[in-house]
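Below you will find the structure I want to go over with you.
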């Protein structure tokens, strides 16, 4: 083995540079980095961080994304298991593209642009300019959105032109590998008028126990009459700190549907905003959370009705075990112009342990006429009668509980109306139950 | 006598909008400093412990920021330096209306207070600016050992009961305005109901602001001893002034084991009053506290009556009606802190926004660790009348552990054009149709008010609806 | 003079013209039926006469006992003696039937006068008995949670109490089973008389078996295309609306 004479030999490698002292990922991201360093860390007194354990958010121990070697690459590709049938997939590890595979001819149809983000930035600068992180993070996570903007290296760029329908889902896998590793997954989907697409992001850690940082952004843009279904199956390691920031912009008569399945992470903060920007638009916002151990799952949502005759329907369901905490803070806002709005918001918490804690803050701000808005929040536990009924049929208490929780979460999955994806999500939920002693 | 004169509660806004030019003998001047506090203590002849307590509270008030990070920015329009903090005539509260100075007596007569006292009240306290000018309790009630007097008299004459609970339910530093009240409080009621005594008729306080650039800071403390029952009602009015007036009360209720307290408020301040009130109750074992709160007047009201459910099986309830018209923001709600097993709480809130009015509900429900059998039910319904009206709902619910259940539901609705057309087709005018619908919306809550108030409430709502259509 | 007269009426909803030159006169004491296929403008006619703000009259007139009512608010028209029995009666949460009816009656009294409660309830119970309605109904909110049949009975009850000069019954038979139809029809028939004119709007002939009209009008595309005796309704039932349409096509 040759060693360059110019490189001094060292017995101990130099201490690795931490993320916080590494600066931006590339020269073009300096502005975002400067912003990131200027914005203070959130404090408890900030209404947008009410209930959250902000001391959990320390970023100092994480390392910038580092490439994985060939053996890891092979192993992760094998582990990237999604749906039986999909139109194509990209697999990333530590923000490095491992593979891009198209299985369906639909993707080569004229005009569909499905590229790694960094490639799209060069080949389609106008689209990139027009849509990349154009909606500001308004729910309190601006610091983490700017961190993402300063660090993002790759991700999915998917542009579906007018009238093109992609019938099979497209998938992306984002892996986090190594202790204290970080990654910044990005998904940007633009569906032009009357276009249709279904997309799934899978977030996984190579080591289910390794500490790490994930800070993702997924933005959805829907033109007139477009239909986009977006699913994020989040299963980071149980020691990961994770952020996920979403903006969905819904055009005239368009229909957006999103589902976040939150299984992993020690502390997760998600922010999801639907802008109902033009008449007739509709957004369904779904989430299911299976929280156990000491997990804190903090979800903030915003349904902004910016035009008349729009509708939104949110359903978030949390099951909480052990000392898990969940926070749901959601707001429906109906702007003065947005008459004839239909907006719903429902959060339901199922507490399975005496140490679990569910916080709910569903909000309404209504300034328009002829509006139908309701919200509801419930927190409760498994009814003894229900449990008894199942046990009287010979099912063990533990199994009966799991069955009931499963049924509780199933309502969310069913709302997606995508049986294959639903089955995969159910599998993942079951796997988490199975892992929980 | 015409029917109009027979109406018992003449406290609608137009009727409250009059004033007599009264020169107060004692005036602490404008602005708030430690000297203001010494002035108030000296005039009132209070003991040293309260002087010290007030000075400390002022420091807390000055150190606390305005809560504008969550509350309305309109709070910034309060100029504390322009307000007069104490105005009084120096006389003791009379036991007889005949001894009340003429203009003050005429004020309360126009508001119908002495008449109501004769008809259905067990006792009345009438506060004019900073001090009560009249305070009386029916002989039979007094003989049962019920104490009903002003806060100053309470702290001087009954220190053994007063000091035990004063500032314990709402500590000085609870919020900026509770600190302000603690520093400069004057007036309000002190009530003690001995064990087992059930006061049949309501006790009533009436708060009147007459002076301009003035702040009213009454302090009420009600203690219902074991197994006792009491209902307290308060009403309030002020004339319309050009400048903003501040009303910032603190009300503490203590319901000991098995006691029941009902506290009824019909707030009808004129539209220049900042009404920033802290109200909280402590409910011991099997006690019941019910706040019935109706906000029709004021420019900005911020008030979230609360119950700390401290004893097993304690029960708390807030029934709230808010009506926000042009230039008004009714920021109201409820807090329920569960701190013992099998405690239950219930919140029903209905708000109506008219014209450019804004109604906000803020709620807090807290069920901490290891409690069993706690239940909360919250229902908030908002009605929007015009396309310029606004309504907000901001509940916050924290539940820990299994064995408890919380439910929150809220809805926003309008009176539809089709509904109005249907009623018009039966011959009702648009305004009549609107009034009928609005009364229908709040009907189930109004029924929970004492009879005398529910009649008046309906009338007030009709009055507010006039001119709101079109 | 003693009639509800509709002259060359043109009505638009938004930009769309629905009624296109309709002429009709209902003398006091007579019952007229308007029949027509779906979309012919039947419901628009009743709403427009009632003064619903979404319907714009662009031409023509509506005269109640010789006086134009087009410039009047809906409630003013009602107080002149016009009554609409709605196809879909509105629910009014929180407002009891008794309160609603009293408020409606009081609106017809001279300023400052009110109906005596005892008189009111006596009359109300009498009419309710005729319609086989139970007493607890008075305390229920207007139409809230009512079945289709209960809603329609409620409309007829209101008509009986308010005693209009002219009543327009819009698809009163819709949502009624045969038993309910008989009760409602009997309620309507009881109110027939020399002081009342009625316009019964319906899609089906079956209602007219129970409320027998003096005159039948057929409405197609916003106009009355044929007028005849009650037998015309049977002919329509027999041959369907197409025969009229074919007729019209032939004539054109």
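By letter and in written order, the chains are A, B and C; residue numbering begins at 1 in each of them.
What we mean here is this: contacts are C-beta pairs under 8 Å (C-beta built on N, C-alpha and C of every residue); 3 or more make two chains touch, one makes a residue touch a chain.
Everything quoted here is computed from the prediction, not taken from an experiment.
Trainee: Report the topology of the inter-chain touch graph, choosing from line, ring, star, complete and other.
Mentor: Topology of the interface graph: linear, an open chain of contacts.
Trainee: Among all chains, whose Cα centre is located farthest from the one for chain A?
Mentor: Checked the centroid distances; the maximum from chain A is C.
Trainee: Taking each chain's centre as the average of its Cα atoms, which chain lies closest to the overall Cα centroid?
Mentor: B
Trainee: If you average the CA atoms of chain B and of chain C, how far apart do the two points sit, in angstrom?
Mentor: 50
Trainee: Taking each chain's centre as the mean position of its Cα atoms, how many Å separate chain A from chain C?
Mentor: 57
Trainee: Indicate the whole-number Å distance between the mean C-alpha point of chain A and the mean C-alpha point of chain B.
Mentor: About 46 Å, centre to centre.
Trainee: Going by the touch rule set out above, which residues of chain B reach two or more other chains?
Mentor: In chain B, 416 touch at least two other chains.
Trainee: Could you pull out which chain A residues touch chain B in their complex?
Mentor: 45-47, 50-51, 336, 339, 349, 351-382
Trainee: Quick check: in the complex, which residue numbers of chain B touch chain A?
Mentor: 69-70, 369-370, 382, 384, 386-414, 416
Trainee: Using the touch rule from the top, collect the residues of chain B that touch chain C in their complex.
Mentor: 416-419, 421-430, 432-433, 436-437, 439-444
Trainee: Which stretch or stretches of chain C touch chain B in the complex?
Mentor: My answer: residues 50-54, 73-75, 77-79, 82-84, 86, 89-95, 99-100, 103-104, 107-108, 141, 158, 162.
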